[in-house]
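Labels run A, B, C and D following the written order; every chain starts at residue 1.
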């Protein structure tokens, strides 16, 4: 593989049609080729595999068999669907705003694909290790919101516009707890780089240290990728299909690709931030002895974790009913956001207690518990205790509110506890 | 290589900006604005300010542009009227802007700046954090209060007071 | 090869002038606001470019740019809220019609 | 070792957490809140012990120089204001006393306060109180100390007025708050002056020789700055530690629940003042002529004066309150004579036996109250000693603990009070030998010795009245010993009251505490930091005085009958009345401060309404009416005709022309702004740069 890159780079260097700097331009083109492969191969593949998986698992949950005609276990069903979708007539309704209408699906897909640039798949395998990786993910998310808004507006259809408004309200609301959760992760790892975050989970996955943060991140991520029970914006029974009601054929496929790739990204980053990314048994040993083996093992571990996360997402879709829109927003602003803030405060406090004397080469006062010789495990334990504390406080507060609630049913539940 | 990228971003930024002021459709103006903001984020990347680039996208594209789009959509009737966006004094405005541009052009073309060739150590994130909670802590707090005040003020201003229901 | 400082300055000046034109020549309040955002961004480019080329070891330029962004965000939020309130009142966001403060 | 010291900041956190959790979560659950408070202070106690262990292991280095954890607070530009915590020998000694006594009081209170409707709130307040005192002790700078000081002020207000349904309790809380506030203002003024001269409030930076020299060399309003600051700081301590003349709040503080009295009088509030003076002693010591002298004089007055009032009080807790005032006077005498450690030592021992006495008195009151309920008697004042008697037979545990406390207080060999009080008297004695007859140390010694006699007398009186003879009321006859949670803390305290003196017995290594805590102020030469050799004569004199006083009191009151006149009153006559009325100080303050204020306000009101202002206003009004008539004529002819209409015509014309520029169009204004600024920039570039 490396040799291939070098060959390609050399080839391109010889062309060097650009007068300023030949060699870097070659590298850029190589990366562009890579990026193109990721975008054009992985993304549709992800969609095809994920739709099949989803239909199959949902069917199992609902005691059905699911797709079973095309190929063994119906594996070609999704492929057939894809072909059907691409060969359909591409309808552009009259009255739509053509430019925005055409850009929006592409933007949705691109926004979902672009976050893979900072995904550490295996030791050393990462698109680009940005020092602001976490922040990059958040920033790219903004384009996803824009795409929804553009699609909804330009369709010139009131269902689409309503769907888009709902979608933006939901996405913006859930971005807040998600960013707060990510800040918590950043604080614990001491870095925004995704590679550093994986590296920092050597002594304990963050899932163990900050399970509450994982919960907040996972829930808001579910809302960000419009998965059930937060799939309001395409609530078929209320809005026909939400912001993409006017789309068909290839553009519809692009939007679907965006959605499923986004889901894949959500699962992947959950694994990276909280489940130790490519970490697993013997991986540290493998990194030292044979990088190639480490890469293979890293891929395997990573795929297992991502698969598990995706399974959980589908499982939840098969289990939980949908939220109502006001409940959905209340849940974000009145529960998740305060909880995330409190969690952030507690985590910061605990980290301060365990803070070593220097940070990034700068002397700072050491935390009072920094010298307890427990290594990373002391901090992990402290953070876990902090999480438990926050959960207790939060449940007490919720219970108190439930007691005072006007809703008799809620009061009854609270009293029964 | 870098000049090439610079030109691409310049086209995005300046082209977007020109689009904002020339298009007749307010909705397109907002989309052009987003294009311009994205180009500026690219500028910041070229200026070794990656963090700022991300901030630019999060704040401008993710927040301000979406807000502007919302505002445009909420005042939709205005757009369908299809009246010209320019006012009566647009010629004078154009002249002023042009004069301003050429007067100001004198500065980069004539002044010798005390340039420095040092290369930053690359831990700009750490430096930013230390500066914000160190020397600039008071402006930082003031800005946070400002944001809070703007948040509350915006909610109060935009709320439709005519049909507020008290449960 | 890095970009010389003057390129940045010229680009920022152009951006500022375009923004200025937008502010002066539009009669739609939202369009004026967009011109204003362009002007603020031009200032940001200048701040960061100066910071990068004159004091590369410090991040003062970026800090000021972040302050500007924060203030711009606050300003945009309040301005749009005002615009919406005005629209609700008069079903128009044409600043030419908002002239009840004249003689 | 250092690792253990790192735990210091956690010490006050536990009570604070207890406070927060009780206030926000557990205030409905009495049992839980009591356990939270006890658990919080218990953890503090454990942590304190670890820190003390760290200090002991740290040896001379930590004990004398101190260990500090500066926490940068408020980094504003270049100047970073550090607000940290620190531990040295002195702090460690305090850390032994404060949380332990607090813990015992909390345990005691968990039974004592049972049945109170605001039980949980009580524990929240006392936890906050403990937080304040612990923060104060570990603060390494004046600002943090002051913050903790104010937290305690607030808590004292809340707790003294805890039973705010009673008017007297409400007023007592207010009185305590306002009286200590006088001292707080003085202290704050001192801090401001100090900061303006030194730019730091951290103790170890303040006590650097060059800083102290600068302070004593600089003059402000003709006196050395150091003198000014010292007296202001001492003013703060006078308020907090109830020294004459700001002592009036302390006896009234008895209105609070008894555990609060114990907390205020033993472990926290009043020790804070003494702690402050002890901590700031180097600053007092460098004042060329005087600050320490004033500390000693005020201390001596307070010691004697408090003791005399104590013999004429009938309320069991008030006797102890005046005893506290008097004992605090002793501490101030020691500090004022430069005997840093003698004062600190007495502070530590006093905390234990005074807490013991207060809790004991609480237990007695509880018992008598119980008895009163038993016989359905709701008129007997359960705090009045005249209503007790013969309680020894009914409550042996409390009685024995109380005897130990009494013996420690009056200084019976070899209990704690003997060693600590004698060290103070020996200090005065030795200095008197040097300075000669009729000097300040002589008077201090005399006041101390007489005070010791009086102390013994009123304690003897108390013991006699409370425990011996026949019960004088039905309530006392049916008194009952309270439960274990109240008596066990008493026994623990009794143990310490008996043995704590041995940490500083002169025969053991020349006073162990001297080596441990005494070298904190080693850099200051004006203080007497070396251990004082045992003075046999002092010990003999004070022992005789103490035993004599005690037996006198005991003998006189042992068999007092109900309704009989107080034998001392018979002996002293009018003097006793004066003492009984506390020298009329409260009445004096009412006459000097409160009544004149009310009078002044009345006078001001009269001044306003009847005498000056209103008549003037009315007269001016009349003059106005007359002159208005005159000027109206003038207006009609001159102003209207020529001025107004003429000017108006002029402005109407200009306005008509100029209003055209005000189009109301935002864009126009913007364009004007842009063009103007462009012109200015152009001019700048053209005329100045080129």
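Everything below uses one rule, namely that a contact is a pair of C-beta atoms (placed from the backbone, for glycine too) under 8 Å apart; a residue touches a chain by one contact, two chains touch by 3 or more.
Owing to the predicted nature of the structure, the values given are computational and were not obtained by experimental measurement.
> Of the pairs B-C and A-B, which shows more C-beta pairs in contact?
Pair with more contacting C-beta pairs, B-C versus A-B: B-C.
> Whose C-alpha centre lies nearest the centre of all protein C-alpha atoms?
Central chain: D.
> Could you please state the distance in Å, as a whole number, between where the Cα atoms of chain B are centred and where those of chain C are centred?
6
> State, to the nearest whole Å, the distance from the C-alpha centre of chain A to the C-alpha centre of chain D.
For chain A versus chain D, the centre distance works out to 58 Å.
> Express in whole angstrom the distance between the two chain centres, defined as the mean CA positions of chain A and chain C.
Whole-Å distance between the two chain centres: 33.
> Using CA atom averages as chain centres, what separation in Å is found between chain A and chain B?
Here the centre of chain B sits 27 Å away from the centre of chain A.
> Give me the residue numbers in chain D that touch at least two other chains, ranges are fine.
665, 667, 671, 674 - these are the residues of chain D that touch more than one other chain.
> Of all residues in chain A, which are in touch with two or more distinct other chains?
Residues 20-21 of chain A each touch two or more of the other chains.
> Touching two or more other chains, which residues of chain B qualify?
1-3, 51, 55, 63, 70, 87, 89, 92-93, 96, 100, 104
> Could you list, by residue number, the parts of chain D that touch chain C in their complex?
659-660, 662-667, 670-671, 674
> Where on chain A does chain B make contact in their complex?
Those residues of chain A that touch chain B are 18, 20-21, 24-25, 28, 97, 99-100, 130-132, 135-136, 138-143, 145-146, 149-150, 153, 161, 165, 168, 172, 175, 192, 359-362.
> In their shared complex, at which residues does chain B touch chain A?
Touch list, chain B to chain A: 1-4, 27-28, 31, 34, 41, 50-51, 53-55, 57-58, 61-63, 65-66, 69-70, 73, 122-123, 125-126, 130.
> For chain B, which residues count as touching chain D in their complex?
Residue list for chain B touching chain D: 87, 89, 92-93, 96, 99-100, 103-104, 106, 133-135, 137-138.
> Show which residues of chain B lie in contact with chain C when the two form their complex.
Residues in contact with chain C: 1-3, 6, 10, 13-14, 17-18, 20-21, 26, 29-30, 33, 36-37, 40, 43-44, 46-49, 51-52, 55-56, 59-60, 63-64, 67-68, 70-72, 74-75, 77-78, 85-90, 92-94, 96-98, 100-101, 104-105, 107-109, 113-116, 118-121, 124, 127-128, 131-132, 136, 139, 143, 146-147, 149-151, 153-155, 157-158, 160.
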